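I've put the structures underneath this note.
There are two complexes below, and they share subunit A, which is joined by subunit B in the first and by subunit C in the second.
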Partner chain A sequence: MSKRVIIVPCSGIGKTYGTVTREAAYQVAEELRPETTAIVPLSLLVLGDEGARAAVQGAQVITMDGCSLACATLNVRQAGGAVAKDFTVLDAFRRNKALKPRGISELNEGGQALARVLADEIAQTTDELIAGGVDHA
Partner chain B sequence: MSSEFLETTVDKFIFRVKVGYLYNEAGVWVAYDPAHGTARVGLTDFRQQASGDVAFVDLPAVGTQVAAGGDLVNIETIKVDLTVPAPFGGEVVATNEGLGDAPELINQAPYGDGWLVELKPEQWPAEGLLDAPAYLAVMQAQAEAEAAQ
Partner chain C sequence: MPSLPKRKVGIVACSGEELPAGTVTRLAALKALEDLRPSETVTICLPLFLAGGEGDRAFARFYPTIAVDGCEKRCAARATELYSNKPAASIVVDDILAQHNLPAPQGLRRLTPESGAVVDALAGAIAAEVDHLMAVRWSRTDGAILEAAPAAQEAVSTSACACGSGIPVTTVQIAGRAVQIMALEPILELAYNQGLRANGTGALPDEILQTVQVYNTVPSGEEEQYAQALDLAWRAYCEQREGQSNG
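What follows is the complex of A and B.
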């Protein structure tokens, strides 16, 4: 598939776990997989932005949710997009108990490391999606 | 509203209080089983919502003796590290091992599968516990105070 994988992180401004998702998204889109991924801000989907809706409708989408409300996943689906894989910060934290995130505008060391864990997992999932190896969730 | 629960809305949040259970002001519920002389204990709907999604639960060992108000269970959520106080003194006779693999049960079913421990009280009835209507009033005041912050 030639289209980029779309990443939609949580938009929880002022929330530590939301910050972790956005930091992970930036790392993937700007550093790890800049040629094959792009970020669509959740806020644009919530506002009904046509460009954002079109972007998720025509692509494989990875969502990252900061809490159990799962706003990113929910809003991608409501916009007509197919979520190929949903990541949650809580699941990542449960697998990496030592990486306790703290901070909001600036993550602590644990939060930065947890964001990197998520970013690496998303980069790998992106590769699998590009290769056609991941079933849609 | 189900007759099984009392319910109140504060800001955009709905909080439920299970009828027939007893409560302390820290947001711990108690369901006493007279047939066995034990009481199941858990977190209230308000306390779990206010604390956020649960990441880890540290349960006491069966056989542990706890004093009223002493540390009973440690819970780590996405917002806070919470120590649940024992609602009365007694012995831990069972713990909810299901929380090890699924700590989210505390959020999903706080009055059911998300229970924490079972205690054998030193004496029953225990002092200082509230019935559901009394706890609802206390909880509403706490929720309004938190919403105003």
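What follows is the complex of A and C.
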């Protein structure tokens, strides 16, 4: 059975760090690893959508959270998914303090760059998961 | 007992990443929050409902919310009702497209320029719902509109949660330290209006502690101390209400 690595960003509305997770997820799924990753919307998981639950239960999942409440990670686990790796924007920012994100509707340059840093790390993790035995389309 | 803060309207957007309409809900909600009605609205994070965001759950339980969804699955509306209360209003992007004769939005990460009209129309619809909800009387007890008549000007808040959600917080003393209890006053109001009363036995109605625990984290092993503090607040609230009735 073919499987992609599932990316679940928190996408926290109203918060810059949430926007960074959303942007990074799109960068991975649309540009960096379009063949081996897919995004599952967190809103569907919150509601208990069967398709979304099945998607995270049957694959390795990478989560991205914008704050310490870790909504993406918690919701994936509550849906029965296995979180292979959880990323937080705050950790990425601590490692790259020159990349100060600002803006919610539109990220500033720092936010875009921070999203790219996260996206690169996720792409690398995706490769490791695939190499570790995850089948993909 | 402090008066409740001025009412605000919570906006819950689905923000779904897999549909252009999900991006539309996110951008329209932000436009309403930041530009159109910044003083009357707060954002509620949908994933926090399940992850245990007590403040978000409490707000949606006691204050009006507008659910904004990108598709007919209506994740925002259904999750709000599932975890807190039925939204006061529910808007779906398709309805806005039909009303304004607009084309379906295009683009996920970046909407096309033409899709900006959809964002504007949806933001306008959200703002109109906000105006409606601010103009009617709202029952915190029932979580519903009381009647269509304009509300009297509400008192200015003297105690609101620092998170900016507008949820009232009450400070009580527990084991010698000040602890903030979120939404305590609406919870006591709800209990009183349901016919519960403080009596001489010293027993706090179970419903009150249980409801407080929905919206606040009660540390393990401190339930009894919390119950004692809540009992004092409950008695004070009942005395105040009975005084108002008699006076």
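The working rule: the second predicted complex is superposed on the first by the 130 of 137 C-alpha atoms of A that agree within 3 Å, B and C clash if a C-alpha of one lies under 4 Å from a C-alpha of the other, contacts with A are read in each partner's own complex, and residues count from 1 in each chain.
Criterion: contacts are C-beta pairs under 8 Å (C-beta built on N, C-alpha and C of every residue); 3 or more make two chains touch, one makes a residue touch a chain.
From a predicted model like this one, the values you see are computed outputs, not experimental measurements.
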Fit or clash - subunit C, subunit B, common subunit A: clash
Per-residue contact with subunit A, leading partner among subunit C and subunit B: C
Which superposed partner A:121 touches (first subunit B, second subunit C, both, neither): neither
Partner chain in contact with A:68 - subunit B first, subunit C second, else both or neither: first
Partner chain(s) touched by A:16 [first = subunit B, second = subunit C, both, neither]: first
Touching partner for A:90 - first (subunit B), second (subunit C), both, neither: first
Subunit C region in steric overlap with subunit B, selected from 63-71, 117-125, 135-143 or 171-179: 171-179
Subunit C-contacting residues of subunit A that also contact subunit B: none
Interface residues, subunit A side, partner subunit C - complex: 9-15, 18, 22-23, 25-26, 30, 39-47, 49, 69-72, 74-75, 78, 104-105
Complex interface listing, subunit A residues touching subunit B: 16-17, 66-68, 89-90, 93-94, 97
Contact footprint of subunit A on subunit C as seen in their complex: 13-18, 22, 26-27, 29-31, 33-34, 43, 45-53, 73, 75-76, 78-79, 82, 108-109
Residues on subunit B engaged by subunit A in the complex (per definition of touch): 52-53, 55-56, 78, 103-104, 107
